[in-house]
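Lettered A, B, C and D in written order, each chain numbered from 1.
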Amino acid sequence: MSQLPAPSALTQFVTATAGRNMTKAAYTAVVIGILMVVLITVDPAYDAAHHWIRATLWACLAFFAFEWLVRIRYTVMAGRGVSYLFSLHGLIDTASVIAVPIARLLGADARTAWLLAVIWIVKVFPGVPGLRQLRRVLVLESGPLLSVLVLFLMVLFLGSVAEYFLEHDVQPQTFGNVPSALWWAVVTLTTTGYGDVVPITPMGRMVAGIVMICGLGVFGLFTGILATGFAAETRRDNFLKTWETVSKVPFFATLGPSAIADVTHMLRTIDLPARAMIIRKGQQGDCMYFIAAGAVEVDLPGKKVPLGEGAFFGEMALLGNNLRGADVTTTRVSKLLVLDLVDFRLLMARHPDLAETIDNEAKRRAQENK
Amino acid sequence: MSQLPAPSALTQFVTATAGRNMTKAAYTAVVIGILMVVLITVDPAYDAAHHWIRATLWACLAFFAFEWLVRIRYTVMAGRGVSYLFSLHGLIDTASVIAVPIARLLGADARTAWLLAVIWIVKVFPGVPGLRQLRRVLVLESGPLLSVLVLFLMVLFLGSVAEYFLEHDVQPQTFGNVPSALWWAVVTLTTTGYGDVVPITPMGRMVAGIVMICGLGVFGLFTGILATGFAAETRRDNFLKTWETVSKVPFFATLGPSAIADVTHMLRTIDLPARAMIIRKGQQGDCMYFIAAGAVEVDLPGKKVPLGEGAFFGEMALLGNNLRGADVTTTRVSKLLVLDLVDFRLLMARHPDLAETIDNEAKRRAQENK
Amino acid sequence: MSQLPAPSALTQFVTATAGRNMTKAAYTAVVIGILMVVLITVDPAYDAAHHWIRATLWACLAFFAFEWLVRIRYTVMAGRGVSYLFSLHGLIDTASVIAVPIARLLGADARTAWLLAVIWIVKVFPGVPGLRQLRRVLVLESGPLLSVLVLFLMVLFLGSVAEYFLEHDVQPQTFGNVPSALWWAVVTLTTTGYGDVVPITPMGRMVAGIVMICGLGVFGLFTGILATGFAAETRRDNFLKTWETVSKVPFFATLGPSAIADVTHMLRTIDLPARAMIIRKGQQGDCMYFIAAGAVEVDLPGKKVPLGEGAFFGEMALLGNNLRGADVTTTRVSKLLVLDLVDFRLLMARHPDLAETIDNEAKRRAQENK
Amino acid sequence: MSQLPAPSALTQFVTATAGRNMTKAAYTAVVIGILMVVLITVDPAYDAAHHWIRATLWACLAFFAFEWLVRIRYTVMAGRGVSYLFSLHGLIDTASVIAVPIARLLGADARTAWLLAVIWIVKVFPGVPGLRQLRRVLVLESGPLLSVLVLFLMVLFLGSVAEYFLEHDVQPQTFGNVPSALWWAVVTLTTTGYGDVVPITPMGRMVAGIVMICGLGVFGLFTGILATGFAAETRRDNFLKTWETVSKVPFFATLGPSAIADVTHMLRTIDLPARAMIIRKGQQGDCMYFIAAGAVEVDLPGKKVPLGEGAFFGEMALLGNNLRGADVTTTRVSKLLVLDLVDFRLLMARHPDLAETIDNEAKRRAQENK
């Protein structure tokens, strides 16, 4: 693996992917690798095809090792030294590459060592779309979440010592010591309820009932905190994504900064590849679009009308009979701003000048289409 | 089934129902059909009445096939070709009709083949009232929901490989391979907790405890995302339903567009059949009504006062002693706008001219009733 | 029971309680009655004391029958005929009285018949404080809740027929027919997971995993809808309770109707009995109070200052060092408006004239106390 | 324990910690103590090291007793008498000290008596950060929460009597009396589902299904209420923490009181120790900071720029290319106000004068850094 066969060509390929996100190839390798880890533990599959399974696993590992080396080389050449190795991404990649070989060196047998390849799944982690959002929620709400965790632990310990005291004479097998009672308490407080350890004395059941109701409370608080944090984060995220784009659309340029802030709250950004159908003729229309970047094509009978950056479309269904009058397709990779029907109406009500601009354009288009 | 007995008469009947929603007859057929599918698997019931059960199932299938053919004919005649066959609705209908016959053709025995008739329940799907709302939430929140799903899968795989490693020597029956451990992990992460597969080693239980607490987190995030999305969607939905109606009520016509947007947020639309009692004398009044379409009748002692489109009623209980002074009933199918007590007060406070109009009308009526 | 011993005296006592809510005596009777119903099923308790248990149950029944008769008499005398019998409250009371005797007449043995006395618990229902709020949420959100229920049923039937198909050959005992599979599906979809019926084939477990994840989704939607509805209802409820009171406090009289609506959103109403301590010296102060009705007494060193309707207190801790300077106690049944610290600051910022009034009064008091 | 060896020196140490929160030493003692309580019940551990375990437990108890005595002495010397003993904190401390000795005096054997030491975990309670917030939610929402609890109890009793009636003939072991059925109902309503008591008759399973779906509802309402209350409380808490600080920052001094209330809603307070890195060069910037108290140091190439109270920093990444240009570290314990990117933009839009001040400062700094 150390002598890269054709560094210049291959490197170029991988370099393009050396950003934050993984290539599709790497995702495929992760999926195949995890599948093989699962298969290696199934005796019939292992007996029938262990050569194939292990070969595939080695291939995946080789791919990850290669990717890892290229990324190191890339960051070093970009003058950022070995910073990659100490980033979250780099640490995950390093662990993915060295975990299995090290386990082998330490004397684990092959079948057990390959189990460690399950950590390849963590490579998907940095690419999860809403992760940043999730992390912000956890950080901002860490105070209340920690409080709930402490309450959880308090109920856990008090409940399990009480159950140990009440049940250990009757059920020495299952409630014979506090660690066993703790196991019962975790299973109960999370409302999982396996039923392998269950109180049978009347007092024990009463305590268990209280622990269960506390479980509901912990659950409710947990959900409430996360829901609260998530609602705030979603609003924030959308605002940030949209703000940059709004100020670049000439249509909104006449608005003062305060009105732009107002408008930003109403819009949503979407990114589309080329040749994506945005509007289908005959469908119900519940939003209009502004082109922030890219271009689209309106498919009118007999002619195709191109629309470029700064143009808007889809307003006619909102002003008229609610049905889309023509297909609209992107011709390039495009970034659009979406204005929902509700917000369209609020915007028209609050900014009569924008309403007039849109009305006039809609009338001009209706004229033209006749 | 292929020779429709009296196409002209029957077709007319079904054509009226060929819109988006099913007829009551079809709903009844679905309920009966599903009941028969359940019964067919119960040995005593099958032995006692299998002729009846199968005859009923055939009758349901015949009904659906007939409905399907009429709908195809209708769309073809309406000049929309076979577009129906490729819509969601059409695909469900087609599958409902052909699933059982195809299973029979492929050699399944009758009792097994009829199990497929359970997909008839999906025919109810397009008629579910809040479905559009639900789908919008899922689409708009797909990013965060996907992130949570990825986290779910990550915990699932890491947890189950860890448990396999820790438990498979002690419990080769239940933790003998990773697929079995995955089963344990799904059951645990969703807090279902059957208890058929349970870790027994101390380390295994510790890992299981962490998986359970992660389960709480996944649950909380899931609920939080859906709750956030749902709150936004409910507001949007109500605004859209109400907007159209508000601008048609003369009472609000004097308001500028910005104030109308404001008022729309306060109102709710309800649709009522003829002869429905809206207000019952002596009840507590917590809202007033505007008639957007239809007509109502106020049942005063000695006379019945009719009110038509644009009129309002129910304001006297809000201004006075909180008790309704007369019964009010619709005389035709009507669409009303409901203004809640809270919003009534906010509206009166913000729009003194509207407050005066309502006050004067209430005084005039009080005078008249004396 | 039919000859009321001293109707005039007793009737007066019960008449006072013939409103919407039950007396404490009735609540006590319900609690005792339910306890007896539980005890009657416990063999040792029944053997030891069945005379006592049944006597107590008869006493409770007699009490409820008496209360029922007095209420009927009361409504008839109030000129409202037998309307009570057909109200929710009356139906519950009637059922509570006649259920057990009817079961006895129909030939049930005494021990079984008394089980029906468990419906006495429903008598508590109309008195539950947040019930009206809860019912409004369920009515207003009935559309989305129904949709979720339909989705629930859909997953339930599709899942259970699939499991029946996949498992009934392997586990004819537990998955022998669709009703058994439906039982499994309900237990799984609600994430209860008893573990008495569990799929064991790989395909069956895969389907079960999907059903479980759908269970999470159903749960999340359910919670999301209820949370959304509840948040709106709580705001509405508080506004209504407070509005009436605010407009009667002279302090707010100078505000226009729009500002009053604004202020109402900030205040909360509380009702206190006489001799209740509102503020304790030395505690941290996080709100101030306005007296809407009743009277309080400030316990200053050496003297007691009475404050009547329209006065306010507790503002000094908010303006000064955050610690309460004196005990404050109600001298009569009182209704207070509570202004939270946060809203106090917002109010002061938005209404400088109110700020001045409060400031001046605080200074005057500080002077006086020196 | 009664003769404090070196009161003056030790007392000083503990007095510093005699405020509301525990010292780190006390937290450590709690953790060690709880661990020992767990170990004492594990037979092998107890047999091997019971001298060590009990010695450690005595040491912990001695520590708590010492802390307790010092606190009593402190409050007495501070002229507050024995008020500490009757505060929540004092009651917990007293119970922690006397529980085990009293159990021993009452004749419990040593191993059982030490189980009571589990209440030491409650000592952590008053120090939980979000506890006050949690308590306020529970108090303010006590009405709705109580309603849900009553509904819970109603379903519990009705469900368990119904199940007893339906199942006790078939399963006299598990459903032999109503208390057993109540146990089943609690386990089911909380969706725990142990599976030790399970209905097997068709009717019993139908009732159980309804109880489970009610369980979902109770859960949903519970979560909804807590989520609603928590969202309000979080906003309130943040506002209070920030308000004090904002008015002290000269930058905001020019704003009127109404605008300050507005700004307060946008800011968040954080407290940092000395030498904490706030901004790392090269990271993405998504907020700016105002120094309310303390001091920071900006690490520019070749020089270190100190910033004191009232200064702001981090605005350049928000105005420019989004990347931080320099490391920033606190030099003292500091209190900062954080303005998020979203709110930064809203603030700039609404208050053009503040925007200009920040813009000018950013330009001056950019000039200087060149």
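Everything that follows uses one rule, which is that contacts are C-beta pairs under 8 Å (C-beta built on N, C-alpha and C of every residue); 3 or more make two chains touch, one makes a residue touch a chain.
Predicted model only: the values in this text are computed from it and were never measured.
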item: Equivalent of A-B within the choices B-D, B-C or A-C, defined by over half of its residue contact pairs recurring; value: B-C
item: Interface sides of subunit A and subunit C: same vs different residues, half threshold; value: same
item: Taking each chain's C-alpha mean as its centre, the one farthest from subunit D; value: B
item: Centre-of-Cα separation between subunit C and subunit A, whole angstrom; value: 39
item: Computed distance of Cα centres, subunit D from subunit A, in Å; value: 28
item: Contacts with two or more other chains, residues of subunit A listed in rising order; value: 179, 191-195, 219, 223-225, 227-228, 231
item: Pairwise touch network: line, ring, star, complete, or other; value: complete
item: Touch list for subunit A against partner subunit C, complex; value: 191-195, 223-224, 227
item: Subunit A residues touching subunit B - in the complex, by the definition given at the top; value: 34, 37-38, 41-43, 112, 115, 118-119, 121-122, 124-125, 128-131, 133-134, 179, 183, 186-187, 190-196, 218-219, 222-223, 225-231, 234, 286, 340-342, 345-346, 348-350, 352
item: Touch list for subunit D against partner subunit C, complex; value: 143-144, 146-148, 150-151, 153-154, 157-158, 161, 164-165, 168, 176-179, 182, 188, 191-195, 198, 202, 205, 208-209, 212-213, 215-217, 219-221, 223-225, 227-228, 231, 236, 239-240, 243, 256-258, 260-261
